[in-house]
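One chain, chain A, links the two complexes that follow: it is found with chain B in the first and with chain C in the second.
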Partner chain A sequence: MTTGSALALCARQELVLAVRSRWTQLFAAVFGVLALTVATSGYILSGGHGVQDFARTAASLVQLVLLLVPVTALLIGVLALAPDRGADELLYSQPVARRTILMGKVLGLLAALVGAEAFGFGAAGVVIFSQSGNEGLGGFLLLQVCAFVLTAVFLALAALIAAGSTGRRTRALALALVTWFVAVVLFDIGILGVASLLRSGPASRLLIVGTLANPVDAVRTAALLGIQGTTAFGPASLSLLRFSHGPMGAGVLLAGSLLLWLVGPLVWAARRLSRADL
Partner chain B sequence: MTAAVLLALLLAGTQEMEPVLPGGVEGRPPVGQQSPLQAKIDRAAPGSTVEVGPGTYAGDVFIDRPLKLVGLGRPTLVGSGAGSVVRVRADDVTIEGFEIDGRGGGDLGRDSSGVHVAARRATVRDCRIKGTVFGVYLRAADGSRVERCSIRGIPGREPGEKGSGIHVWNTVGFRLVGNEVTDVRDGFYIQSSSHGLIKANVARDLRYGLHYMFSDDNTFEDNLFANGAAGTAIMYSKRIIFRRNAFVHNRGFASVGLLFKACEHVVAESNLIADNARGIFLEGSYHNRFRGNIVAESDAAIVLFDSCADNRFEGNSFVANLTPLNLVGRRTDTVFEGNYWSDNDQPDLDGDGQSDRPYRLSSVFDHFRGNLTAADLLTQSFAAAALGVAERTFPVLDPVPVEDRAALVRPPELPDVPPPPERESGTSKSGLVVSLAALVGGAAVLVWGRR
Partner chain C sequence: MIRFDSFSKRFGRTCAVESLTLSVGAGEVVALLGPNGSGKTTSLKAAVGLIHPTSGTVAIGDPPRPALEPAARAVVSFLPQKVLFPDSLSGREVVEFYRRLRGVPAERTDAALRFASLNGASERAVGTYSGGMVQRLGLAVVTLPDASVLLLDEPTASLDPDGLCAFYELVEERRAKGKSVLFTSHQLGDVDRLADRFAVLVEGRLVAVMSQGALAERLAERGVMRLRLSGRPSTLLDRLKPLAPDARWAGDELVVPGPASLRPAVLDRVRSEGVEVRGLTAEEGRLDLLYRELVGEER
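Our next item is the complex of A and B:
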């Protein structure tokens, strides 16, 4: 059996498991309903006036993605990837490299989660584009890509956590939750705190580097800048673009950061797993 | 030889110089620059109507007696390019139904305009003016009106080289109604003029939509000001009342929907101030009232300098602004009462329609932001929200307390506020195709996996 077919087989098996899991079904349902709600209510802002129609709806969708996607990817990832005593012992005893099995599993999970997200986005998109005209189609696609990348990044992190805690699923789950909390809330509070102690030049650079370094912030910045342009963050957008020497530079930096967050944890997870005593 | 040619040209130039009336007003154009209509006008009896048939008439027009100049079938007056195309120098003149083309000529210093009025009670109606430094210039023209005119300046010039769309100077009781202005410096520039009404006009793609300088007791209603450096700038003026205007899409780096500088007793009611970099900008202004306006989707809803005093905001709706208030300075006595703030999450347990605790316009996060523009990158992060909650629960830092003591929990009904200008709408086929593809693709993955 070639590595490729083994990879496909593992991915297929993981996809079947993930799709049959109540967690994935729940995620698909919740994400779909929330995306639909945001899309339907986005047009009628609280004052009854939508001026920036699509951009504001998309901004709310970004928040939804940032809140739901990392935590789901981490939890579902850790639950599925932490090797257990039964099935995984058998699976890993097959004459296939452990990293191939791991990659296959990650790919299968990714397919399941991306499928669930695409379903939700599709439902929201039907509502949005039946009213809003062509404006914002690019932003909508960008937002989907961002969500998929974010899913992949947090699945990679989940793989890393799972590989480090073989047989200790509770510990892995706890670690996953801590990781989520740090990435989504604590990191930003931390850099804001440090920035408030620095002079404005270094503080600005710290905040910009921080936003680029944290995958959640990177996705938010990329999506909002892509959708709303420089109006997304007011003058701060301009200081970011000056730092990165233009929008191209910002795109490269953001994509680079996300790529590192994707590849780094996966490689490390594979190494950890290959040394683990299953 | 060259010198001789230059000298000849120079002499010719001096001879061509038109006579300038006392006070620097352009006078009768020299014969070479006169319109073929001039003879007809010079023959007309005062108070009569001069009708002009369709066609193109090259040259400038000088009107020195009260009459009605009416274009039938939209005749075009093409200016000589040396000065104003139509010069009104007698009271009670009406200009109606012309296309006026200044050919990009004229001189900013001499107020060259499409229609230059230096007399009382003139009416300019249903004219389309393009390629002139100023569109219509009312100079000491008490009781004059400009109605249903469309004005397009000279494209491609720097703002400093352009004039205003409609320029009003030292005029009492003017009326500007139903005009459309683009591509000029300021759409409507009002200086040292009072008791004017500006109604149902549109000004877009320019510097300031409407600009008052030293002009008291004015009113403007139902106008749309879009895509400028400022929707409206009111400077050094008192007792201005304005209602039902829309100030939208003023999105440049330092752009403002509504700018106040050293104004007093201004009343703003039922206006829409939306999608601006900064919604309302107040500096050195006193006793101003803002009632029932919608301020939406700005980076900062209000920028307030501590050189202001006794300003009140009541019954306004502040929706989806990045930050409600940017206070420049250490203190303010501005009163906010009974406004709706879309980011107000305080409960209303007693059900009186107002949140139980005051809504704070300043938060710890704004403290960061005030000192550090890059902090805005994190405005929409959960950390900023968490900091806000923490600060309300444990008020450790106390920046400058600015509060709305009676914040509304539901947006007020504001039926008089104009709706935002239409955006592109309707069904997007490609958008629907993409969405349906995502929907079906996602569903396929989920279903295929189950088998």
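Our next item is the complex of A and C:
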């Protein structure tokens, strides 16, 4: 059995498990309902006239994605990836490298979660298209790509947490929640708090670093940049834009940051897992 | 083959296994015995690369390769002590997955499911299986590849008599094919029935390794003969002393511990004292008593 086919086999198995899992199904349902709500709310609020187009829906969906996707990827990822005595001893005793099994599982989970998100986006897309045509479709698609990337990044972080938590699922879940809280809530508050104490030069440098260092902020900035240009930017994103001499440079920096957040945790997770006693 | 060479494993302060040296050759079946927490599972898991030795090595196959190398595990089939499968998969899906992972021909799936007598339940979700059925499914996965090394952690723990029979046949068949089998068990019947040798771990240390032949000898030495006699001459024990120094009275019975080979001579001596033998029972030494003795000496 080659590494490639073992990887594909593990990915397929994990995809099957994830599709049958109540958690993934619940996520697909919740995400779909919320996306539909966002898409139709403009229509309802305006009494049936001012239908939201793709661009405006996308801008509202950004918040939903940033809130829901990281926590889901972390929790579902940790549950599926933390080696469990009994359930995983047999799997990891097979003649396949641990990292191959881990990467296969991550790929399978990614496929399942991306599928669930695509289902939600698709449902919202059909409603919007039927009401207001395909204006702003590009930004809407970009947001989907952003959601998929965010899913991958937080699955990689889940893999890292899980790889060091053999037989300690509760601890892994707690760590996942802490990670989510830091990335989505605490980080921004902390950065803004510190920046408000600094003079404008160092403060704007700190804001740039903050935007690049936190994958949630990086995705937020990238998505808003793609959807609305710079109109919806806060101070942090504007500093980044100035620093990178325009949207193109900012896009490259953000993509680079997200790539590091994807590859780094995965490599580290594989090393941690290969050293663990299972 | 399987070879532990001064294998030690610590978990923090606990020393799970200390300097274990043991090998299992081709066509050999070895039982690993010991009380709860004596390091049996730890040793088996090290042999399949799940646990990193603190010191020493564990090698498998021929030529021997470190168990931590994935490729070395291509010759191994391992059954964990507490085997579990995802609830939402059917038995057949589980077996299919491992069959593909091991690159084994498709027809082995049905053979493995037949071996586990799961044919009826194989399409059902594992979540609906009983404990013994899950154990059988685990054994089915173990039988998929024609592995030259079998590592089985309490394989018989929840099997019914039919399952036990099928399992014994499996081990006999693998032994005949020259495979190496190392298994743990708390059922001394398994040891009697299967093992060419057994090893006893106590608190992580190997305290005894014994072949089936040596075991038979040890047990024969530990036999006991009980005699009901027509009388109770006071000189009898003294007269028996050179033959059976441990002979004693227990109520009306004369109890004579010692090997079976001694018994005719003891009977002759008793009769020559003018006493009639009215009843006789004899029993061989028991493995469970010997085991408790081996474990007890160390505790």
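The definition used in the following text is that the second predicted complex is superposed on the first by the 259 of 278 C-alpha atoms of A that agree within 3 Å, B and C clash if a C-alpha of one lies under 4 Å from a C-alpha of the other, contacts with A are read in each partner's own complex, and residues count from 1 in each chain.
Note that in this section a residue touches a chain if its C-beta (ideal position, glycine included) is under 8 Å from a C-beta of that chain, and two chains touch if they have at least 3 such contacts.
Remember, predicted model here, so these are calculated numbers, not experimental data.
When both complexes are overlaid on chain A, chain B and chain C end up sitting side by side without clashing.
Contacts of A:R20 after superposition on the shared chain: both chain B and chain C are touched.
Angle at chain A between chain B and chain C, computed from CA centres in the superposed arrangement: 170 degrees, to the nearest 10. Of the two partner chains placed around the shared chain by superposition, neither chain B nor chain C is touched by A:W268.
In the superposition on chain A, contact of A:L90 is made with chain C only, not with chain B. Contacts of A:D277 after superposition: chain C is touched, whereas chain B is not reached. After overlaying the two complexes on the shared chain, residue contacts for A:A123 are found with chain B alone; chain C is out of touch.
Look at A:A28: by the touch rule set out above, it reaches chain B but stays clear of chain C.
Shared-chain residue A:A236: touches chain B; no touch with chain C. Taking every C-alpha atom of chain B against every C-alpha atom of chain C, the smallest gap after superposition is 9 Å. Common to the chain B and chain C interfaces on chain A are residues 16, 20. Across the interface of their complex, chain C is touched by residues 1, 6, 9-10, 13, 16-17, 20-21, 84-87, 89-90, 92-98, 275, 277-278 of chain A.
By the touch rule above, chain A contacts chain B in their complex via residues 15-16, 18-20, 24, 28, 45-53, 56, 59, 62-63, 66-67, 111-112, 114-126, 128-137, 140-141, 144, 184-189, 191-192, 195-196, 200, 203-205, 207-208, 211, 217, 220-221, 224, 231, 233-240. Against chain A, the residues of chain C that register as touching in their complex are 11, 45, 48-52, 70-74, 76, 78-86, 88-89, 93, 97-98, 100-103, 138, 141. Within the complex formed with chain A, the residues of chain B that make contact are 248-249, 251, 253, 272, 274-275, 277, 294, 296-297, 299-300, 317, 319-320, 322, 340, 342, 368, 371-384, 386-387, 411, 414, 417, 419-420, 423-428, 430-432, 434-446, 449-450.
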